[in-house]
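Structures incoming, each one as C-alpha cells.
Two complexes, one shared chain (subunit A), two partners (subunit B, subunit C).
Entry: the complex of A and B
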C-alpha cells in the first residue's frame, strides 16, 4: 500500500531541536504527561478512558502508521483481550495479573489467526478482510453465551484490590485505579518505543516505504507484516484487558466494527505514524465526546463530520501538523 | 437428518438464491465502483439503508412500491453523484486509503441523519399486495416476493450487462477499468465517467436496500451488517469482477441458507469460513486478477 503513505511522509528527526529532544525521550515524555495528567484533569474516569483508548490506538498505529496497512478489524484484538481477561476472572477465578496476561495472550492469538489470513491479501483488500474477520469474531463471541454472556455482555469482573508484593491497593479508588492502569500503559509505551527503535522497527518502516526494495534487501516482507500485526495484537489485547478491569463488564459492542472505526478515527485525528499522535488523538476525541454529549445525543453525526474533515483537510492529524510546522 | 426431504432442501436452495440476489446487487455496485475508481465505498451499506428508508417514506406519503422501484434508485443515484463530485473527487491521486476513510465517515453521518429523521428503532416494511402469498414452484410453495427479488435482480443484471457490453459508454467504462491513463489520452473525460459509475453503483445499492426491506424490515444499522458480508462476497468472487460478484453473491446466499437449515447457530459464521478457505486456496478470488491485489 504505497499509495497511502507516499502522500503523508512520516517526518524523521531533521531540524528543530524540540522535535529531536521529543523523539529521543519520547517514552519518558509520555510517562511524565500520563503521571501529571489526572492532576490537571478533573474527571478521572475520563482520564482512564483516554489512557486505555490511547494504548489501543498506539497498538493500532503500529500497523496503520508504521507498517502502512489499514486494518478495520482491530476491535477483534481489543475485544478478545477484554473477554479473555474477563473470562479468566469470572470463570476461572484468576488473580488480576494472570487475567491481564490472559488478555495480552488473547490479543496475540487473535492477531495471529486474523493475520495469517489477512496478510495473504494486500492493499485495499486488507481493510475488507480484517473487517469481515472481526465481524466473524463478533458472531462467535455473541453465540458463546456460556462463556461470554452473549448479548448481555460479560458481567461480574470485580477486582476490588490489587495485591502487589504484600501491598494492597484499593482499585475502587479512582486515583489509584488511574495510576495502576497508567503503570501498564507507560510500560507498554517503553516497549513500543524500544520496538520502533530496534532494527526490526526500521524494517517495518522499510516495508511501508518500499516493499520491493525491502524484499530485494533480503527482508521477508510477509513475515514482517505478520509479526507486526501480532505485536499490535499484544498491545491491543493489553488495552482490552485494562478496559475489562476498568469497566468490570465486557459489553458485546466492544467487538462491533464501530470499535474498529473508532481507533482508525483516533489515529487519524492524532496523526498516524507518529509516536505521540494516537495518545493525543484519544485525548482530544474523548474529551470532545464528553463535551458534545452534554448538548446533543447525536454524537455520531459529529464523529462522521470530523472524520470527513480530517480526511479532506487535515490528513496528517494534530501531531503530524505540529511536526510539519516545527520543521519549517 | 430424517425429516429432511429433497423438496425441503430445494426450497431452502431457492431461499438462498433470493438472499444471494440481494448480496449480488450490493456487491455489484461495490465491485463496479472499485473496478473503475479503485475506491472501496465503505458508505455502500449506508446508501443501501437510505434506499430502504426513502422507499418507506415515499410509501408513507402515498406512493406505491412499483413507483419506488424507479424513484429510489434515481434519488439515491443522484445523491451518489453529489457525493462523488463534492467529497470523493478531491481525493483522487492521494492514496487508496483516503476515499475509504472518507466514505466510512460519511456512513456515520448518513446513519445518524436517518436516526434523527426516523428514530432509532426499526420499522416493518409491508410486502406489496400484489406480491403477497406463495406460489408452487414444483418442489413446494415458495414466497412470491422472494421469487420477485430473484427476477428483479436478473433484470438489473441483464440491463447492466447490456449497458456495459453493448453501448459505447459501456465500452468506455470497461476500457477505463483496464487502463484509465490510456482512456484519458484518447480524449475521454474520465472524471465524468467516474462520476456516472459512482452514481450507478450507489443507485443499485439503493435499489437493493428497497428490495431487501420487505424481507427484513428497515433499521438504521441495516447497512453495516451487509457491508461486512458483501466484503466476503467480493473477496470470494474477486474484487472488481462483475461475474465474480454474481457467482459469489449467489454462493454466499446459498451457503447461509443451507447452514441455517443444518446448523442454524453456524449460519452467520459459515460465510466467513468460506472466505477463509478462499483466501488460503485462491487469495485473488474466483475471477480476481492477481495484479489487482497490490
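Entry: the complex of A and C
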C-alpha cells in the first residue's frame, strides 16, 4: 500500500507534482514569501496591511471556502479582536502579548455568540443573519463611548517597544514592526495548515460537499459548523488585534459592513477554498488599490471593474485558476 | 433464500404504531413491524405508498409524529440522525449522495473517520493510516479499487451507487438500510448490485426499500407491503405473492 498516504494529504483529484509539493510545504512557503515580501514592496505600511488583511481573509476563508457558508458579518469578528486588544492596552494597561491574547479571545467569543444564533440557517439567510448580528455589534461598540471612543474610534494604543525576553524591539521602526506582525501571521498560517490537515479538516470539507451524507455518516453537522465558525473567529480576532497595534487606533469603521464585504472580495479574487488564495487576493487587491489611487481619486471604479472581470473570467480566483491549469 | 429461518428470531429493529404527518397530509399511519436480525427484509409498495417516509423514520432522518422506534431494545425515537450512525445503523440514499469533489477513497475514508475522530483539529489525519487500509478493503469489496483516486463526481452512475454502499458500510453497521439501491441502473448493474446485497447480508441485517417487486422476491426473507401509508401485507415472498390485496394493488397499476 505505497500510495496509501497520498490521498490523505491530497484529498482532491490527482494533480501535478508542483501542486503536491506546494500543498505539502504550504505553511513553509507562505513563511518564506512573507519574510522576503517587504524587501520587494515600495513601502512597508502596505506590506503590513497585506499581511493583516491576508490573515483576516484566511480566517474568513475557513468558513467561506472550506465550510461553504457565506458570512457577511466577519467584520464583527475582526473588529472585536481589534477593540479588545485596544481596550486591554488603553484602559487596562495590559502588555502587548496580553492585548493580542485578548484580541484572539474576543474573536473566539464573538464568533461563538454569532455562531450559536446564525449557524442553523444557510445560504442567503446565513449571510443576512450574520450581517444583521454584526450590525448589532457595530452599534454596541458605537454606543459604548467610554470604552470604545464611539465614533471617534479608540485612540491611544501606543505600543512603542516590544519586549521579548529582555530583547527590546523598536515597534516604531516600520521594518521591525513588519517582522513582529509577520511572526504572528506565519504562526497563524502554521496553525491553519494544521487544522486543514487534521481529521476535523476532512469533516469540514465533507460537510461542505454534502451535508446530508455527512449527517448519515455520523457527523454532527451543526456542531461542526459552529466549531469551524469559532475557529475562524480566532484567526480574524488575531488579525484585528494586529491591526489595532499597527494603526495605534481602532476606527469604528472597522465594524462597518464594508469590512465584511471587503473580505468576501479578497477571498473571491484570490480563490476561495484554497490555502494561498486569500493572501494572494489581499496582496492583489491592496496593491491595486494603492497603485490606482495614486492616478485617480476614482480608484474604486477601476478596482471594481477589475474585480468584476476577474469574477467573470476567473470564477475560481487567481490561485484557484492556477491550480486548475496545473491539474490539466 | 430463507436464510433467516434457521437463525434465531432475534428482533433488531421494531416500530410500534409509527405515523408521520406533513401538515394535514398523512404520509404514514400506524405501522407496527418487527425486523429480524440477519435477515433481508424488503419494503415494497407502489409510488406514494409511504416507503421512503417509513425508511426515513427507520434511519432517523426525521422523527415520527407518533409511535416509537426501537433498535436493539433501546428506544431511539427522535434521536438526531448522526447518533443513529454511531449506534450501528447506516443508510444509502435513493438519489445518489456522495462527496462529489473528494476522491472515491477519501469518500470512504471520511465515512470511516466518523467512528474514530470527529473533532480533532490538531493531529495530522495522515497518521490515521488504519483508516486508509480499511477504506481500501471496502473499495475492493464494492468493486471500486480501480477508481480509488478518481473524484467521486466523475464515476459512472452504477459506480456511485456502489460507492454509496461502501460509505454506508464504513460506519460498520449492524443494520444496513438501502433506499432503492438499483434506481436508474442498467439490468447488468442491477444484477451486480443484487449479488452485492446478498453478499453483504451474510454479515449484517439488511432492510431494503424497493419499487420493483420482482427484484426483491428472489432475495428477501420477509416482505412488507405498504399502500397509502398503511401496512397492507407482510410475510414471506411466497405469502406476499399470493396475497389477494397485494395482487389487486400491483395489478391495478401493472406490476413492474
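Before moving on, here are some points about what is shown:
Throughout what follows, the second predicted complex is superposed on the first by the 309 of 328 C-alpha atoms of A that agree within 3 Å, B and C clash if a C-alpha of one lies under 4 Å from a C-alpha of the other, contacts with A are read in each partner's own complex, and residues count from 1 in each chain.
FYI, a residue touches a chain if its C-beta (ideal position, glycine included) is under 8 Å from a C-beta of that chain, and two chains touch if they have at least 3 such contacts.
Not measured: the values here are computed from a predicted model.
Residue contacts after overlaying the shared chain place A:179 against neither subunit B nor subunit C.
In the superposition on chain A, A:314 makes contact with neither subunit B nor subunit C.
Of the two partner chains placed by the overlay, only subunit B lies in contact with A:264; subunit C stays clear of it. By the document's definition of touching, of the two partners only subunit C reaches A:199; subunit B does not.
In the superposition on chain A, A:122 makes contact with subunit B only, while subunit C stays out of contact range.
Of the two partner chains, neither subunit B nor subunit C is touched by A:190. In the superposition on chain A, A:139 makes contact with subunit B only, while subunit C stays out of contact range. Judged by the document's definition of touching, subunit A residues 1, 3-5, 7-8 lie at the interface with subunit B and also at the interface with subunit C.
Within the complex formed with subunit C, the subunit A residues making contact are 1, 3-5, 7-9, 11-14, 194-195, 197-203, 205-206, 209-210, 212-221, 223-224, 227, 231.
Chain contact summary for the complex, subunit A toward subunit B: residues 1, 3-8, 70, 117-118, 120-125, 127-129, 131-133, 135-136, 139-140, 143, 257-258, 261, 264-265, 268, 298, 300-301, 303-308, 310-312, 315.
Those residues of subunit C lying in contact with subunit A across their complex are 59, 61, 80-82, 85-86, 90-91, 93, 97-103, 105-106, 109-111, 113-126, 128-129, 132-133, 136, 148-151, 154, 167-168, 170-171. Subunit B meets subunit A in the complex at residues 34, 38, 40, 87, 90-91, 94-98, 100-102, 104-113, 115-116, 224-225, 227-229, 231-232, 234-235, 239, 265, 268-269, 272-273, 275-276, 279-280, 283, 293-294.
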